[in-house]
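Shared between the two complexes below is chain A, which pairs with chain B and chain C, respectively.
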Partner chain A sequence: MSAAPRTTAAGPDGTAAGAPLLRVRDLQIELITDAGVVRAVDGVSFDVHPGETVTIIGESGSGKSTTAMGVLRLLPDELAVVSGEVAVQGRDVVADPRAAAALRGRAVSLIPQDPMTALSPVHSVGRQLLEVVRLRRPGLDRAAARARAVELLDRVRIPEPGRRLRAYPHQLSGGMLQRVLIAMALAGEPALLVADEPTSALDVTVQAGILDLLLELQESTGVGILMITHDLGVARLVSDRVHVMRNGRFVESGEVEQIVGAPAEEYTRSLLRSVPALGGWDGAAGRDEPARPDGDPS
Partner chain B sequence: MAHYVLRRLAQSALTVFLTVSAVFVLIRLAPGDPATAFAGPLATTEDLARVREQLGLAEPLPAQYLAFVRDLFTGDLGTSYSFQAPAFDVVMGRLPYTTTLATSAILVTALIAVPLGVWMARHAGTRRELGADVAGVAAQSMPEFWSGVMLLTVFAVLLPVLPASGFTTWAGIVLPTATVALLQVALISRLVRREMAVHLAAPYLTAARSRGVSESALTWRYAMANSAVPVLTALGTRFAAMLNGVVVVEVVFAWPGVGSLVVRALETRDYPLIQATVLVTAALAILVQLLVDLAYPLFDPRVRVGKAVRR
Partner chain C sequence: MSDTPVLAAEDLVVEFPVPGGVFRAVDGVGFAVGRGRTLAVVGESGCGKSTLARALVRLLTPVSGRILLDGQDIARLPERRLRPLRPKIQMVFQDPYGSLDPRMTAAEIVAEPLRMRGLASRERRAAEAAELIDRVGLPSSALERRPPEFSGGQRQRIGIARALASRPEVLVCDEVTSALDVSVQAQMIELLREIQRETGIAYLFISHNLGVVREISDEVMVMRGGRTVESGPTARVLTAPGHPYTRALRGAALDPSAMRGRKPRAVLAAALAPAEEGAAR
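The block that comes next holds the complex of A and B.
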């Protein structure tokens, strides 16, 4: 996997030939906190087209994860007020939250931030994966659904997938769990993946394998990815376009090489300086990890 | 697993033995003399001495205890002074009434408290939830002797639709059950609400929602399954406590269970009967706790005993 920009449906200025998978216009999200109402997202606009990866990068508290959760309408109604336009495959989920519920797990799936807490601890991995498989394909009988689950685990390069189905979340490592969660997201056969800091809770060596897997799946399925990260190394590896976010607004947007190579904003330069090293993703570290069971303690 | 159960059973037996031993000593140290109750108000000092001799109470305490332990291991718990029958048989005769009432009360509690707690968690912050919360605090604050008498006054006296006391028809179980359940529902439903509120806001729930899992499945399958252990523990503990005799309620409704029996045994200083009651109810309560502990692995894979965690 190369870190160089890949050719996509989107042109250099971010405009594309077809309709975008995700069209966000003037999105505003106000969070109701104990300290009062906070405008976490203050009028952002962007598109994600099929097969491309759009990254929102920013420090913690910049509103990037809130943007992702707002797009999926996963913020509790009593804690967040969402306005503006968010269209997933042309359906406006701001105007119609029920459309969001219908799209989740089908048109759009989430890869959550912390894989250790993203699965129910009292149900087996297989039970949770089979549930999603059956939600998407209600006609499948037990054996066929199980075969599909094994196929999905195999696709995210989990060794011995049949045995892993019986495992409980606490029996798997963080990297392994994130692969399971990616398999669950794929079970919905989504057109858009929202990856909310998918690697920030993982060991560095495991991170590379997960990102590599996401890019590989994107190549084979043409899924569009909205990537949320604070890590410029991650952004540089996966993105076609990057939006730099600060205090709820995009301060700089553009091609990944342009942002990394010639940042216009002082904020972006400070983000760049905070990254100790950008190398290491393309070499051995990224390729070795997936073949063996993850050995890191969870 | 079998090894674990055996060890727990041995621990339980020791606990019961120590409990009964403590009770044996304490009731003899407490003021009051069974001979006075047994021989009647007109008894002379000589009568009392003779009765003490008869009941084996003239011996020094260590000798009495040794005799008690020797009999205990042959399965003899002594003869009740007031019933003039083997104390164990007297207790076992009353036990079905207490287990029936306790089972009825815990089932009603679970069937009401769990859905109510879930409903409160899902409607947190609404007016109706606030109303349920206030009602819960009120129910929790009412002593059972008062709520029992109130229920009795309303449903057996003012509107005579239910029997006031005893257990001759199944209708007789309604008011005692309601009295016990009122307090327990208030306590357990708040526990369910607290647990459910935690799990309804858990990251895994949001993640499952993002995969398209329905809201009812999220509530009942995800959050409920994850709340099961503390709720089960509370229900098990309450049930074990009820088996020790729902004393106040049994007295209010003249329920012929272990609770009213122990009150009578204490009044008459019927030592063998007190000891037998403590032995039976303590053994039962500890057994219920053991069953609850053994049920944990069914509800939470993380506490499965003797199963190596695979990484």
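The block that comes next holds the complex of A and C.
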């Protein structure tokens, strides 16, 4: 309750000046379930500016994924009632659902949670990637579209991209499939990526490669990222700002260093305490070694 | 006798038939766990850790090697001779949604092994089931409810109560916290530690989460491709891992409190070099 929505989101380095890519105000989402109407998202407000990553962190049932799906207007109208304001590059997708359809896959793309089920198993990776390439650039002929697809697979560091186009999803590992899905998201040349638990189905060493790729893409293209995760380690690594979500509301919002290093709310502190500490090790890079900056004896 | 490890494996091999031959999922693994101790088995998908777990509780039969339970080799014992030994080694499964019969009440689920143990009196079984449900921190109102009415963490507690009903000496825990929220995971670790302090039970704790492993285990064994790449005291392996793969795993474990600065991509460096080399395997 204490967290006032930020109305100005300029980062400390000043990169976030100007209009946000994504502006969300008092978003409410009611889901129609067998058990009645559930208010899954209960009045959240946030912005994402170019070049920054804003993370919504929460446990299961907090409403974090529903927020992401609501922002993309991917919730079916007969199952979800969305109200409030969601402006993507200034266009309100709540007031105008057709704007959402026009922006999705172009201004904004989704990186889904489970790469193993997100692709069609009966079509090759290339066919599915070419489909989104052609949607974005209908003028491309077959060879140019294929070249663009190879370029995208190369961009997400898939080795032998030309050969991989012929592969079917079951022939690729989870990490490779997630790279393909990131390539498909990039095919739309989006200004904003919405990443819904993009690494939670992956092994940790594979997760490291995907997170490194997302960080590098953002450094080189300035894409804004709305990250949804339950993992405080992931949130600490990739975020500029963090919103801690519980029961449909933001419990606490702030710069990542503040949320992880000096959380104001008891709920945030309890989440951080629940993460098993790993302590230091002899291969630690780019971090001075950790006295756990806890200060909370309980 | 007290010096005998409660559970040990020697040169254990488990294979599966595949088209055109066999796939060796566990390839010459050995370890020993003492009473009241916890050995963690760490690795990523496909490393053989769950197959190892299933072989240890003899849901699978190894092709060779020994499994010493209290010094007795059970690796290839026929079911008839294995049955009286089964209560000594029990398992808690990864998936709290798929490992409990949805039509049985919690009390029935926990009482079933009591009947197997020879508790003939229905009243005695009900009383002991209630005690076990209480022991794992569930309210008595849980007794007459069925699995679909419970959360993932509560179901995992029922799975633990069911396993404890046999009064095992060893509990094999296969990724028992990985489907749980982080706050529920912390409670589960605390519960397992309490039970160990009280009963002297030994754990073989399978996990991919090094933070959880650090909290619960005395020793750790790192597996990859069916083999052990490194093993030793948990504190040593996590602070100074020797094998490049262990170092990649350690580097990939993201501890929020250990990071400094904004978007510290360099943190991933230790995870990336060896991991990508390994991914080409």
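Methods note: the second predicted complex is superposed on the first by the 262 of 298 C-alpha atoms of A that agree within 3 Å, B and C clash if a C-alpha of one lies under 4 Å from a C-alpha of the other, contacts with A are read in each partner's own complex, and residues count from 1 in each chain.
Operating definition for what follows: a contact is a pair of C-beta atoms (placed from the backbone, for glycine too) under 8 Å apart; a residue touches a chain by one contact, two chains touch by 3 or more.
Computed from a predicted model, the values in this text were never measured in an experiment.
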Task: Chain touching more of chain A, residue-wise (chain B, chain C) - done: C
- [ ] Identify the partner contact of A:Leu272: answer first if only chain B is touched, second if only chain C is, both if each is, neither if none is.
- [x] second
TODO: With the two complexes superposed on chain A, say which partner A:Ala167 touches: chain B (first), chain C (second), both, or neither.
DONE: first
Open item on the list: On the A-aligned overlay, A:Val204 touches which partner chain: chain B = first, chain C = second, or both, or neither?
Closed with: second
Open item on the list: After the superposition on A, what does A:Val223 contact: first (chain B), second (chain C), both or neither?
Closed with: neither
Open item on the list: Output check: A:Ser120 vs chain B and chain C. Expected answer is one of first, second, both, neither. What do you get?
Closed with: first
Open item on the list: By the touch definition above, which chain A residues appear in both interfaces, chain B in one complex and chain C in the other?
Closed with: 173, 293
Task: Complex contacts: residues of chain B adjacent to chain A - done: 125, 202-204, 206-213, 217, 221-222, 225-226, 228, 299-302, 309-311
- [ ] Would you mind writing out the residues of chain A in touch with chain C in their complex?
- [x] 53, 59-60, 159, 173-175, 203-209, 211-212, 215-216, 230-240, 256-257, 260, 270-290, 292-294
TODO: State the interface residues of chain A toward chain B in the complex, per the touch definition above.
DONE: 72, 74, 78, 101, 104-106, 109-110, 112-114, 117-124, 128, 131-132, 135-136, 167-168, 170-173, 181, 184-185, 187-188, 293, 295, 297-298
- [ ] Please name which positions on chain C make contact with chain A in the complex.
- [x] 44-45, 181-183, 185-186, 189, 208-212, 214-215, 238-241, 247-272, 275-276, 278-280
